[in-house]
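Two complexes follow with chain A in common, the first pairing it with chain B and the second with chain C.
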Partner chain A sequence: MMSAKPPRSLFTYALVYLIFLYAPVILLPLFAFNDSAIIALPLSGFTLHWFGLLWETRALHEALYNSVLIAVITAIGSTTLGIFAARAAARYEFPGKRSILGFIMVPLVLPEIIIGVALIVVLIQLGMSLSAWTVIIGHVLICTPFSIAILQSAFNNMDRSLEEASLDLGENKLGTFFRVIVPLVTPGIISSLLISFTISLDEFIIAFFLTGTDVTLPVYIWGQLRFPARLPAIMALGFLMVTLSFLLLVAAEYFRRRANRLTGVRKNSNGGIF
Partner chain B sequence: MSKEIKSSKALPNIWQKPKFVPKMTPRSWTGIALISPPFAYSLLMLAAPLLLVFLLSMWTQNYLELDRTFTFANYKEAASEKLYQVLMIRSVVISGVVTIVTVLLAYPIAYYIAFFGGKRKSMWLLLITIPFWTSYLIRVFLWKVILGYNGVINGSLMGLGFIEEPLTFILYNANAVVITLAHAWAPFAILPIFVSLSRIDFSLLEAARDLGDGPLRRFFRVTLPLSMPGVVAASLIVFIPTVGDYVTPRLLGGTNGLMIANMIQIQFGKANNAPLGSALAVSAMIIVASASIAFVLLNRRFLKVKG
Partner chain C sequence: MTKQHEREPIINIQNVEKHYGSVTALDGVSIKIEAGEFFSLLGPSGCGKTTLLRIISGFDNPSVGTVFIGGADMTDVPPNERPTNMVFQSYAIFPHLNVADNVGYGLKKQKLPKEEIDRRVDDALKLVDLEGYGPRESHALSGGQRQRVALARALIMKPKVLLLDEPLSALDKKLRETMQSELRKLQRTVGITFVLVTHDQEEALTMSDRIAVMFDGRIAQIDSPEGLYRRPISRRVASFIGVMNFIPATVIENTNKILSLNIKSLGQLDIKTSSALKKSEVITVGIRPEMLTILYNKSDTSEYSFNASIENASYYGDMTYYEVFIEDTDIKATVSMRNTAGRPVLEIGSKARVGWGKDSITIL
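And then the complex of A and B:
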């Protein structure tokens, strides 16, 4: 450590920066509970009306159902692919390993619109109709790199001697995988499922390109943003989503830390994506 | 490191220069078998589609039919049409400015967390990530509320008596797009810079101080060069995706803040000219890739150093 006391200016900057980061999110509850049809200051009064409106909107419920379905399947798909890749990355050496892994991680830096364009071109050429499945294909593509990043640190941190002990004691490879390795990386798997679920739930561009009649939640919100009268309800929806993803995030972080404890990492290793 | 030591123990040939090309062993086959499903998925769902986009960009759309004779007409149109030129240049310029602003704003905070975070490092990192797990669309829309004519900033400034008329240069133009994107990509810039700052060997900083460098000189001669890998990574992570951003320019850009992604979407949607849309997408990718490679090459002397 250089010195324990930061310069005052740097600390002030950090606080101002945090205000900048939180500025939009702080407004959300203000307008979600605000008794006015217009999203503007000053605030008028407290109401739960907008939440009630959400409860009555059928189209929203359908969009939510589609999104959750897509997010669940995406989470399972990308975590499964992630387990394969992370295990290969953490334990095996083979020619071309780095470039293959790098290629799988490409969607992390590719603009999402390019992925949307690429997939829609294929679907048009194949004459396939757009559906929830086409969105899932795209979402698995963008979530897999995140799953790999999370799972790779779980597999890397795992104490190798436990695996060797199991093999020495006569368990076969498959048995070792399911009875020793999987339990040890389960927290990593749960964390990967939660993160993929959250990313898929919030993804807009790919869903916008690839969704057919099964509109997802972000696509539904996008449609609503054009109508000023619908905005307060969208603020209420946003508030609920913030709360939910905050809870999911805390859960994911909890499991990631537990993964580190289980696999024998004592200190915060700053692995994963936090 | 331990893997390299192990493999060199297996081949104790001191006459040959050690090569780090992994030999094929039964274990490598297991590794290849494991990596196959995700690799096949990427080939099938990413590489093949991208190849098709490339092909499509050299075909022609005639109303409902697709003319499959090869032509560069779409690229010619993409390069010569004034509107596409303007959008392409604007996308690259806006993304460039966003990248500079985001990285400059992110550096001090990464520095603060890395050197003064102490036991609270994870808490700081979590604090930074939380706002970004909320709906991207709603976050962008809220910036419209903040920057708008009757928005939070104008309301507060007028309420405090700093201005008489609402400021208009902060919404429906490129400024609004830059502010919003600089916000949206903040954690992606902070994290890589933080990681590279955390890896700096403190003895180097102490040596610089002992040898008489003041804080400012030490920062520019030791800390900053050593953290450049993080800065380069952060710049690329912000620059590449923002060139293709669709939502922010559409919601906040007005007509003078639209970017290339908006035009690509129009070609695939209303204009029903997928080949031209593909040509625009491919051109954008080529421009972004060249800019990124040039940026990495410019900074290569900082990237060679390994810890």
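And then the complex of A and C:
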């Protein structure tokens, strides 16, 4: 079927929308490279000074270390949970399957501030002190639905007869897992790792509630906003984070599509978050 | 000379039943398949063909009954240890492996030396006419090529039995017809027992040594293609295999192996039979469209004949299929005529005389 051309007004609307969405982000690099301590137009010249300043700030390095550590553990945790859930959902029928999967997805739409408040109450009741680990618990909670969505498409799209063909050709169950299932879902797993890593790295509200002394990068940025003189350096940091997140998401999408292609899905219609 | 011992069947399916909850997919199926046979399971969709094939291959277990392959009870033998290989309906080509790695998948498990695997993969690809395709990516293959890869991948394992689940149904008509004869030739070359599942009666007739016709999870008849076509045992089999005209008849007498029938509006005839039909029993006789002949000229003769009016004519180039009403009845019959030189296509509504012989009658 031919797709009809959209009306011109729709096109204009989309353009205005995109400008509105991205204009603030485009301001980031503008001031990150601007040779002035004041965030205002007109620009006064090009400099890499602010990036150099980032390099010298020790507190920032600690925040970065915390954030990366939290993001890595979160990515592994939510992806592992996602693998179990997706495999079970793809292969087994059990009572209440739909509602269970539905409930796992709920954190996708819950306001993060609610999750943050609820978690802090529960964790303190349990006698846990706030640390990087409490942030990880919160991040795994919000990342797992994304992991499941991505992995479900990888597992669901896998034709069951591929496993059977492997058994038919004399391979045993363990061999089939490593020679057929793993290669086919690996791109999905990588995609899930990248997405949850990115979400965790950028997440502020839950980290703000649950972090103790182990400040994460977004929480560090929040703290720095009180000092106008440090704003250009924060712009530089923001620019780096946006660029990194963007690259990670592109890589994740690449792997998700690769997973779909391997499992024989032509269009990127099944699951995923893009 | 002494008569040879009856050979042990390569596959012996004994009274197999399969139930899914309240659904009965197979109901008392018993089949013996001889080594080297091209055997087909033929039946409409949902009759249990795939279920039976999966039970032979070990992917499903029968609820009741036993499967023997090569004389051995398969009950506790998992699929990866059975001497069978399967060509899946979807072909199940591994998308992350190229053609050679797909074909060599099973040999790699056997830890054979690489040179031997390479040589046997080349041989297998040659066998299915895919010489030189080894390095190709599998997702770039056409439907026909995927099917050949699936065949090579299964045959390289030298199974006692090759199982094929509707292997041609995904191909277009031309390719399907080519593959039918190629598959048949391939089976003769390798000498392996083939068990083919199909819902296409033409496919089963042209390829098989023997066919099991299945309806609703039961075997209706097992016979050679010719036997099925000429001597169907029921109305259902008769109309599933080709076209059959059905006409009611009454038994007048059945003595000394001579059956006297009164076929409705066609008259009375005596045929040799060994059936035990009784006097005044009402039965159905069947006659194939090609056994009816339109007598174009007044001088044309036939053993028996009846008058008919042409209800419809379908022209197929080489053949014309007429639907006719037997005169003064509401019985419809199909007559097929070869379009030989000078033979006109009769007009709808015109009258014709149709000839037939009593040897072409099937009693159902």
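The definition used in the following text is that the second predicted complex is superposed on the first by the 259 of 274 C-alpha atoms of A that agree within 3 Å, B and C clash if a C-alpha of one lies under 4 Å from a C-alpha of the other, contacts with A are read in each partner's own complex, and residues count from 1 in each chain.
Convention: contacts are C-beta pairs under 8 Å (C-beta built on N, C-alpha and C of every residue); 3 or more make two chains touch, one makes a residue touch a chain.
Keep in mind the model is a prediction, meaning the values are calculated, not measured.
J.: Does chain A have more residues touched by chain B or by chain C?
T.: Result: the larger residue contact count on chain A belongs to B.
J.: Considering only the touch criterion stated at the top, classify A:172 as touching first (chain B), second (chain C), both, or neither.
T.: The second partner, chain C, only.
J.: Could you tell me if A:130 is touching chain B, chain C, both of them or neither one (first, second, both, neither)?
T.: Neither partner.
J.: According to the stated criteria, A:234 is in contact with first (chain B), second (chain C), both, or neither; which is it?
T.: first
J.: Who does A:161 touch here: chain B (first), chain C (second), both, or neither?
T.: A:161: touches chain C, not chain B.
J.: Let me test your reading of the model: by the given contact rule, A:90 touches which partner, first (chain B), second (chain C), both or neither?
T.: Touch status of A:90: no partner.
J.: When the two structures are overlaid on chain A, which partner does A:261 contact: first (chain B), second (chain C), both, or neither?
T.: The answer is second: A:261 touches chain C but not chain B.
J.: When the two structures are overlaid on chain A, which partner does A:17 contact: first (chain B), second (chain C), both, or neither?
T.: Touch status of A:17: first partner only.
J.: Give the list of chain A residues in touch with chain B in this complex.
T.: So the residues of chain A in touch with chain B come to 1-2, 4-6, 10-11, 13-14, 17-18, 20-25, 27-28, 31, 39-42, 80-82, 84-85, 87-89, 91-95, 97, 100-101, 103-104, 106-107, 109-115, 117-122, 124-125, 137-138, 140-141, 144, 148, 198, 202, 204-205, 208-209, 218, 221-222, 225, 234-235, 237-238, 241-242, 245-246, 248-249, 253, 268, 270, 273-274.
J.: Under the stated contact criterion, what part of chain C meets chain A in this complex?
T.: Chain C reaches chain A through residues 57, 59, 78-81, 84-86, 88-90, 92, 94-96, 105-106, 109-110, 139, 153-154, 157.
J.: Per the contact definition, I'd like the list of chain A residues that touch chain C in the complex.
T.: That would be residues 159, 161-162, 164-172, 175, 179-180, 183-184, 261-264 of chain A.
J.: For a test of understanding, state which residues of chain B touch chain A in their complex under the given definition.
T.: Residues 3, 7, 21-22, 24, 27-32, 34-39, 41-42, 45-50, 52-53, 56, 105, 108-109, 111-113, 115-116, 118, 121-122, 125-131, 133-139, 141-143, 145-146, 148, 150-152, 155-156, 183, 186, 191, 195, 198, 202, 205, 236-237, 240-241, 243-247, 251, 261, 264-265, 268, 274, 277-278, 281, 284-285, 288 of chain B touch chain A in their complex.
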